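This is the structure I want to talk about, given as structure tokens.
Letters A, B, C and D mark the chains in the order given here, with residues in each chain numbered from 1 onward.
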């Protein structure tokens, strides 16, 4: 369906050629300051037309909050949001090539198979405009996570075609072991990422090579894919629901729901499958000496006296998730995007009914690579996953906190005095 | 939560040391012949102790249907199933190493952070026994899919450590372009896979190298990960729900919910991100001459006269899914498993409260590689995803079929005669 | 949450003083003709200001479809709809009585207890404008149900205060046994109901007494409640999900979610609790001679050759539902509405913080009885429940239809030939 | 489906003649002491055979916890529970009357219409044994609610046939205004109710008349319905989710999902529809002088320093719920049960296929009135509703508590100093 999340529920609507696209966010905590100004920046980052390597169409994409706030404060009731479509007229059917021939690797044909009705835009909701609602909702989630926990979510382009920021090497089959990678995910921020527009790859040389590669593909009326890496820092421990809704499962679900994605890997990822367990296991160490980041120290959780986790890990092959549950270390993952299906070149295809083969040439200029624009979408979906997991865990922790203390407890650091339970930091 | 699926809902329960593990399957179609004999084979394939490279514990894992069938026929009501735990006594807490020290990269610590209560087994539901309910439910889904559509689901081990069945090459960055791979996924069956026990890699030479590698790791009290590739053939077109529940998103969710998984890629996957769009796009061709597999020809859908898709694709970089919706071509994907966290070697870790560092040595013999045993679990989760999507699509198609025909339709193969809709094959 | 339904999902948003109120309908079958003209009539029937006994505020309430249709045909994608609020400015807080004193029996105080944030309108989403989204969504469901099955949903006012259309008598403790009642529910239509505006009670004399009673309460600046009876005819058999989502449970849920409701009874209702089982049981009789209503005969189900139920019941104490599942007989139920909390009289109350008691006098003219305006809301919620149940049952029936026929069947009309199953009409 | 609840999710399985009936409770807070002894008492109260006016079958109904606890403490993981069926053999089909003739007003026929498969017990999950899972789950919810908030849930029989504990009078059209009723609901406990076994009506004279009436019906091989009234005391304020999941809507849903129910009314109920608004509105008064019940004073919420509501109401026509949200006053409601469909008398009915009319005589002794046994089922379903609402509200409140305080607030008891928000007690 068109709903994501159990506690922070986002329901979206809208195609390319209807009046508006938008969403309803149900479950936003009440009492948070929120205006369009909190949402618009990510909307704008998502927007095409930001450079000469993205498509020159200039969509305005002004978000308008319809409900759920008053005087700039959330009421706790559903937040309706919408963005007007500028080109609202569905295209009339005619004897046009695109009406008769489904575009290769687009959703034209599968949408028709699914619904039995052909939208004028071909692929109906597979339009990139569908992601507008996600980004709007994600911006709200992000604001809460930052205020309550100091959570930081930053994505960047880690490869375009075969140009990689951290190419796999014999020494580092996965970037998880690469100190340069670990240093980057610990420090990267959005401002830095955007300073590398249009490629959004935070390395001058690699970025330049990516831009060259994309330009090259543009000139050939071709397209090329790539990958986006995302890090989520200052995540509270204890997030993720066993067994089907493990945190990495929700992240994978969220990321593979973004149009054009083909793969997801978390922590050491596919490279980690080649590393011995004796190396890959992350040893626990005391967190006593870990410096608390300023965003965390100023967060609501700190104000409320939430205890900090007593342990951390020396390495982070796990990518911040163990047994499906966050351990407080940075969560990082990588998402693969295929080359955009829309290309200016002529392509062979067949009519919808299979009676005739033919040639399809897409008109106009198209994004040779969607990867840089995917950055805020990846961030938004990550925020939605973490937000939902945070609310679930807050609920569990609060529910437990009202129970009488158990009679017998185990001090796990010292010899236990009886049967029973061990107290976690219980974030 | 512990529920998977919207229409074919599976809810599981159970830890390592409780009375039983099991599940409730809600939404199984009524009138299907079903007994324990349909379920047990996959349970047995999942079971440890199948060879000298898996753990020698011999769990019996006999599934017992509790409800939802009579005289071997499903009633349409919830199917309760359970498997008794042989070792039902939770371990008493004592001054033991494992009570004081969380095992590195296990769920011991994160479960405590999440629940604030320590299960005697450490990681609670992160136990491999949790997957029993999944496999039981998956076997039911599979039977339906086979009877109704001739669906075939086969998984196999595609790599262990750095031993790959289809190592990426310059020519084939993704196996999607490799004719040997495509031929294999078009024909492989479970019997063949199991003939390569214990490695379950359907290639004699590669299999042998994998067994050697695993033995090597066993001898060193170490562990090693790997990947499982799965193909789903004869999937009806039209499956997958825009926009958040795209078919690949549901598959990714399902696969990353399996313990120890680190990555998922569908179709061309991460390799596909490096292939030009002009190559990667799958041209449509008429399906008129495609031979109908015997399983499909004998399926309920064929008996009911469901139309076959009129188109297919010349290549299959998409992995059978376009715009989040199945196009009828084989769906294939790959899942990455990390090395098992439990190893016989000594490891440094810290006490739960961080007060002390120490050494943990796991006792007993452990699976040096979980990958071969993961094969039936991957198949089960794939079946659950497809089953859920099938029921959703059947519902949509039936709902539409009761509406009056639209006045104006577009014949998409010929010049259209007016505005309106185009008819898909509407599976 | 603000979502209703599992298959035909309606999510609403909006308060009194925000930009718009609206909803997203997810799961509408594709290929149905649909424009605003199908929806507006019920919106208008819901609107206040239809007579001198309803409030004179004249809200326009024009519904605007945002998405999900093209050229007047549903695409199967989410249908966004909205209605602009004319008075969009939240009321600034000042030293006003209503800011300090919660109105008795309103939601002012409980909303503050729930959200910890006070909306300017007091009760936030408890506003009657919240029902706009329900009515819009209900109109879509109704259209489908009529086209696919010939379903007819008609509600009318059955009592205002102590003026009852069918007052309980010793002979008829429940109207279920009253031939006049049964005849009415079998034949009543909306046009007839609206011919009795403003009371919407389809009996001239009773209607007049109701209008007099309401006028009397208006003159005294007081309010009065009443009941709405609703009948759903031509419902297919087999709707309703055991065990928690029985059809009457879903109807009760839906009706009690309408603002100001206090009670629900189905079929013989509370009166039926006093009738002996030997009388109350509804004997089955052959449906062979039952005339098929024209709406049913022309429905999609008839075109598709759905079998008609072979049985019907001689009496209908059950109200069309047995064991939580529809049996094809008319479903009828009654909903109780309390007197509106807003009255022109002065009332004692206390400040939010309990520090002071005081007097609150609501300004302006108010609806002395909300009951007549509730009629289209009851119909809408009934449509949503039936629509959701229809889609669930279509899915089940279709799923079953693709299974191989069972080897042994029982002909339940004749001596059985073996173990197994009996075939229902399987709608 | 067979799942109830969003946060405290109960999924049940089981028919009359399968191996066991049971449920999985997902979402129980971790760290609560829980053994079978907490659950069995309500199981036993539900059991038939408790007196000479209930059926003499003696089911044992011993509940067995399968998972989710260790050493008598909940782990936070799913709690599997089951009760063995003593008569596990499905009845073989033969040329028996009950195989050919559906029983009037049973679920035999509608189940067949729904599933197309006939269970040997006729009505499949409409069996009273299906309620076992509800009662087991309800007992867990109740324990939590008592420990965390001091919640008390007590139901009793308020009428059998036309014998009413509080018959409606001209003075008291609804018992809401009757001081005797209000005093009863404020004080009644389960021990007192059970001291009036077998009728469970807490009034000596009325109870005796009920027993006589039921005996009379038993002697005539007939059955009679009645009503159960339930009160929930010490409910925190703020429970219930606008707009579709109002607290009364969830209660109505829960109650109408119990087999044989025909009606639900909350607070003043249907009688309240006849009371003027000026009387029916509940004036707010300061709660400063309200004595805190001992159960509340000793609850986890009190220990955690949750503020008590600052207001209460002078009257309680609302039945503790306003705008769909609890206000802290006792919640009371009434549920109507029809006469049991199974009676010893001969009844006319028709064969499943309508080809023949015939006579059906149920064998054996049957419950002439299910109403007294329904008492623990009503309590269980009430507990599930409140539990789910509590967890939702705890989550919201906790989420809000981590946000920075708003800059401007309104002191609603005193002249406000600016725009913004008013603080509720925020339970």
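Heads up, the rule we're going with is that contacts are C-beta pairs under 8 Å (C-beta built on N, C-alpha and C of every residue); 3 or more make two chains touch, one makes a residue touch a chain.
Since we're looking at a predicted model, the values are computed, not measured.
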item: Between C-D and A-C, the pair with more C-beta contacts; value: C-D
item: Equivalent interface positions on chain A and chain D, same or different at half; value: same
item: Inter-centroid spacing, chain D versus chain C (mean Cα positions, whole Å); value: 23
item: Distance between chain centroids, defined by C-alpha means - chain A, chain D (Å); value: 42
item: Distance from chain C to chain A - Cα centre to Cα centre, in angstrom; value: 40
item: Residues of chain D touching at least two other chains; value: 1-3, 6, 12, 30-31, 71, 73, 76-77, 114-117, 124-125, 242, 396-397, 400, 419-421
item: List of chain D residues in touch with chain B within their complex; value: 1-3, 9, 11-15, 17-22, 24, 26-27, 30-31, 64-71, 73-80, 82, 90, 114-117, 119-120, 124-125
item: For the chain D and chain A complex, residues of the former touching the latter; value: 6-7, 29-33, 71, 73, 76-77, 144, 147-149, 242, 299-301, 303-304, 390-392, 394-404, 406, 419-421
